[in-house]
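Structure in structure tokens, see below.
The chains carry the letters A, B, C and D, assigned in the order they are written, with residues numbered from 1 in each.
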Amino acid sequence: MLGLNGRDTTLLVIVAALALLAPFILNPFPTDSGLAQFNAGYPDLMQRFAIFGIFVIGFNILFGLTGYLSFGHAAFLGVGSYAAVWIFKLFTYNVVPAILFSVVIGAIFALAIGFISLRRSGIYFSILTLAFAQMSFALAYSVLSNPKFNLTNGETGLQVYADDPQMFHGDHLPNLPHLFGLSMRANYEMSVGAWDFNFNAGYYVCAALLLIMFYLSMRIFRSPFGMMLRAIKSNQTRMTYTGLNARPYALAAFVISGMYAGLAGGLMAAVDPLAGAERMQWTASGEVVLMAILGGTGTLIGPILGAGFIKYFENIFSKINDNVLHGWFAFLPDGLEDFIVAILHPFIGKGWHLTLGILFMLVVIFLPGGLVEGGQRIGRLFRRKSGKDDAEKATQSTPAE
Amino acid sequence: MGILEVKNVNKRFGGLQALGDVNLSVEENSVHAIIGPNGAGKSTLLNVLIGKLAPDTGSVLFDGQSVLGRKPYEINQMGISRVFQTPEIFGDLTVLENMMIPIFAKRDGAFRMRALESSVNEKEVLEQAGEMLESLNMADKRHFHSASMSRGDKRRLEIGMCLAQNPRLLLLDEPTAGMARADTNNTIDLLKQIHDERDITIAIIEHDMHVVFSLAQRITVLAQGSPLVEDTPDKIKGHPKVREAYLGESA
Amino acid sequence: MDAIILQILNGLDKGSAYALIALGLTLIFGTLGVVNFAHGALFMIGAFCAVTLQKLLSLSYVVIDETKTDFMGNPLKVQAPYVEKWFGPEIGEAIINWSVPLAILFSIPVMLAIGVAVERGLIKYFYRRPHADQILVTYGLAIVLQEIIKYFYGANPIPTPAPPAFAGSVDLGVALGFDPNAIIYPSWRLIYFAFAALIIGGVFSFLQFTTFGMVVRAGMADRETVGLLGINIDRRFTIMFGIAAAVAGLAGVMYAPINSPNYHMGMDFLVLSFVVVVVGGMGSLPGAVLAGFLLGILESFASTTWATTTIPGINQVIIYLVAIIVLLTRPRGLMGRKGVMED
Amino acid sequence: MSKSNLTRRGLLKTGAVAGSGLALPTIFTAQSASAFINDPTGGTVTLGFNVPQTGPYADEGNDELLAQKLAVEHLNGEGDGGCLNTFSSKALRGNGILGKKVTFVTGDTQTKSDAARASAKSMIEKDGAIMINGGSSSGVAVAVQGLCHEAGIMFMVGLSHSNDTTGKDRKANGFRHFFNAYMSGAALAPVLAKEMGKDRRAYHLTADYTWGWTQEESIVASTEAIGWETVNTVKTPLASTDFSSYIAPVLNSGADVLVLNHYGGNMVNSLTNAVQFGLLDKQVNGKDFKIVVPLYSELMAAGAGENIKGVLGSMNYNWQLDNEGSKAFVKSFGEKYGKPPSNSAQTCYSQVLLYADAVERAGSFNPCAVGEALEGFEFDGLGNGPTLYRAEDHQCFKDVLVVRGAQNPTSQYDTLEIVEVTPREQVMYPPNHPMFGGDAASLGECNDGA
């Protein structure tokens, strides 16, 4: 189906089902229960899952296939956001031109930075991309926001003001980003018993694009082009002596991943019309690297899992506070309750970084292939239990999935 | 005029004369070996031939065209394939994929975006790759992770990858270095078979005299960066200068 | 002229910190082949060794001062350090004031222990893993280390002053024939530079003149061969990791009086020190030191009013701009070796 | 599938959809029993406390959180009631807000606009927070204020000192209790003139982002008004950790005062560096060299240690202030947490009470009604003395403190001493002041999210 083999089709269908049903899947706990804290099915976080999913899928096309580790990919996300907000400011709140423009700008930046950075490989390449991104961040934060030439609005972030031209903005249209009139914030809440589920227009726009982008990345993985990219990672010497010019292949991958990042940046602006310079900082670039490695570099689904993992912890764990803990353990005797809360206290709320750091270490120590390997191990365990041992398959290489 | 003409090539590294006035002509469809003691300049010469090193002076012509100043991938596209001392294959890829890449390179050139086509649908390429693996007796290993194979298999695969491009000249750099005797003999047989079956010129740089004398039709002896003699294997065996410079020490 | 000398001094000073951290990073990378994202955190822990010792030395008992009240209107509780009780007020105060130099002695065993523990407990399992995994695990470690420090010391910077004898500044200009006040430079920063030079010299002579150093250098060049000689290179590499941690720690201890330590100071230095290492050339110790000082000096000059009015924003991007120029003109940095970390 | 309106929480919708001219399925239209977003329907009302919990301002955020928790206790009638007893408005009775028990959720701004907005959105969408409070930087404040205005939620701005927050970026749904850069300048200038004379030459080091610029602009304007000359203004990158290359040229520039327009870690380091370079020991133009830090906080003072001795600056509040409200607050904060409150703590505490009081007076949680109740509100008894929430720009006007690093502090809590309490008339300015966006600045329409 769609030019994919059976396994890939299954994977795509699974991802599509997960994306469409996310409002249900991510809200497993009744709204008023103590565990509702772990619900992630609210519009902002669902949008973030989809947007960072797109970002990391694109990053994985570069890093997972070619092995070129870019430490500056957040720059493309940042310029994508700025591009989209500028479209909002100058022309219209409709997200379609904004998103298209952010992809184009992402591509242009990626072409320029990639063209220079790909002259080097390995860590030298990483540092070149880092340097470009850090320069973009520094300039966006201060120099490009000076009153005479305010391109980025610095620390505050670029936003839409009432006195902006917005040439094609009609009075009947929402005063927020919209898709041909459908506000990105439009939300329908469904209550089923004790549960509440949110269906958000912005999320479904992001999710639809995530699926398209996931599908495209699948096609790229399985294409001759994808094979060439893996060849770059595997053996550049053999590649050149096979009559292949590695540079344009790597550059193409770089630009494609830059476009994915630009798209993600555009979507961030589309669901929340503000573009801040911090999203270009090296920590943001580092975050996408961590997402890819954590999930499983070079696999199709892994990076998305990594993105979900990190965003989940950032948004859910940082909001758990002592009060919440006391709520959970209220059934215990007082002394024990306080004791457990005291034990957990360093890991939640302001300590969510600590939890994340520990999890990074645990995953990379015990699951060298990232979260995907965890899934595979569980799958294998399951298969062994059911008696189907395909040992012969184990010796063969399974293509990246 | 041979298919490969090396004329007056000089290369210095600092104070060291790595190549001095090298003249060499490789006849089309011959097997030509270049031998010489360690430090004779064999590897330097090879690197000049494949565009990795630029000589200080002189010219290298392949089929009448200069290879100098061209990138290695351009030289390959002219019809020169190279086999390395340690097999250079795509270790992360399967054997079949390894075989497909040179076929793509031959068909699509140095760069072509085919990002949305599916490799599985490239029937022609798959067929060719399959045939090549068949002829290498590796068809059963097509889904193996190529890095996990034995060195002999890797060598076999590498040679196959070169041949899949139908090169006019195959350059081999000590193809049997570090191999067990059985693997060495297999490789010799493979090369013989290739030469018998195809219109191909083979230039081989080799240390192992057993390999050289089993394969070569002409031999150039390099010593201290310059060709000492060039002749048929029989003549070389008996040549006093060669014995003195080379064989005498290692016999 | 005096302005130029001042900025060169500033550059050497900044460069000292960069060079020391980059030196340790390069040692770890060169010997173990590990990309250590936790190195900034080791620097930070060094600075907190100084903080800890200062806190330990000023451990206090409480004296109630009835004449004054605290914010709640209760009699004021005055903190009186034990050392002042034990050794008398003057010596006691001197001991507290000298806590940073004393922390040098305190930090060496602490940092060596931390270094060895980290290497044995974690890093050694990652020698054969891809660099990406090393980045992830050391980054995770860095987060954990800094969060632990944050848990105990908070996020606010903690003042850790130099001994009063070095707290002020010296007028270098007078000695060089300038007007008074032309070249004023803080004493502690001069000491920091001298200290950095000493450490760098020490590490180099250690590698150059001891058998241990020779083995390590050989190991850096070709690990397998050295292993084949029957030398237990692993144990030496463990010690090397400890030494690299100690170098970062010492850099941190001495840095504490310059800028009050806080828990994320390591992250502030991490990216810069990687840039320094790469500009110097991966695996090259002299390259790391050279690049550290070079970037420090360039950064100082880019911060002058003259530079920022000529090219707005140059002070924010200079390091990265230089890194780009160097890497594009010299493929492997200033003194890098071929084939190291290029794939 | 049943559709019920009983437990609607965290719903974010825009009414504009309905009028979009597109034939929409009915599910996208507002299905509403209440007129505004997150209307608390049960027995509780949820407030969102969005403060930095990680990053360099984590301690400041922690202080804010402590104060917010204390305020919630007092609102719910627990503890000693704190400022409820001294507050000039008597609408609050210690039974929650409008009879509903107050609960709260917390989030981490990370002092990044993006993260702060994400966290605020999660409180609005998931937890059904009706009001957001907190934050420790102007960038975050402006970003979150914009978000709350779009969403129709009240935002009580935490620590934000930039003129823009109630200047060009003012929003109808946001109120600021903190003072601003203009007020710092206006309060400091007379004190500076008195202490240092009118013939001074100032050298500014300014953090290179919007807050830094507005502060520099304000201080330059107010010091030039008293006759000072500005020798140079130098921007320093936010990421700087070492300011030596910016400090080194100061002494030879002919300046005799250094103004540090830095905050947080930047200020701690630049002041420490300046003292290291011995600036305070020098004489220039025949006068003692001086340093001014226009915006002080207790945490910055703690970070800079000995170096702040004698250095002048301004503050929003200090626990040493001698008035009934302040005493009551210090007492209950001190009893609960064992330390006196910082000015960021007092800011957030007051704002939570003020919000609750405004709801009581308005008789509704509707942000527009609450905003109306806060506009032009005059009160006393929360620690700052008589205070006005101005209707035109939602800026708070109250006395501004000029403080100095104490020479002989008795404990870690009185490292700053109050030099002068500048009366609020002296720091007033017209709402259309050019530093505050001029005539173009507008609050926009109040949004209740319906």
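Definition applied: contacts are C-beta pairs under 8 Å (C-beta built on N, C-alpha and C of every residue); 3 or more make two chains touch, one makes a residue touch a chain.
What you are looking at is a predicted structure, and each value in this text was computed from that prediction instead of being measured.
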Geometric centre: closest chain by C-alpha means: A
Of all other chains, the one whose Cα centre sits farthest from subunit C: B
Pair with more cross-chain C-beta pairs in contact, given A-C and A-D: A-D
Whole-Å gap between the CA centroids of subunit B and subunit C: 51
Averaged-CA centre spacing for the pair subunit D and subunit C, given as whole angstrom: 35
Subunit A-subunit D separation of Cα centroids, rounded to whole Å: 33
Interface hub residues of subunit B, defined as touching at least two other chains: none
Junction residues of subunit C - those touching two or more other chains: 316
Overlap residues in subunit A, where contacts from two or more other chains coincide: 138, 141-142, 353
Which pairs of chains touch, using the document's own definition: A-B, A-C, A-D, C-D
Parts of subunit A lying in touch with subunit D, wherever the complex brings them together: 31-32, 39, 42-45, 48, 138, 141-142, 145, 153-157, 159, 162-163, 172-176, 178, 180-183, 185-192, 194, 196, 198-199, 201, 268, 272, 274, 276, 278-279, 314-315, 318-319, 321, 323, 349-350, 352-353
Subunit A-touching residues of subunit C, taken from the complex the two chains share: 35, 122, 125, 129, 131-133, 135-137, 139-144, 147-148, 151, 267, 271, 274-275, 278-279, 282, 312-313, 316-317, 319-321, 323-324, 327-328, 331-333, 341-343
Residue ranges of subunit D in contact with subunit C within the complex: 55-60, 208, 232, 234-237, 239, 241-242, 244-246, 248-249, 251-252, 265, 268-269, 272-273, 276-278, 281-282, 284, 299, 302-307, 319-320, 330-331, 334-335, 339-340, 410-411, 413-414
Residues of subunit A defined as touching subunit B within the complex: 3-5, 216, 219-220, 222-228, 230-231, 233-235, 237-245, 248-249, 252, 256, 396-397, 399
For the subunit B and subunit A complex, residues of the former touching the latter: 50, 71-74, 76-77, 81-82, 84, 88-94, 97, 100-102, 104-106, 108-111, 113-122, 143-145, 148, 158, 161, 165
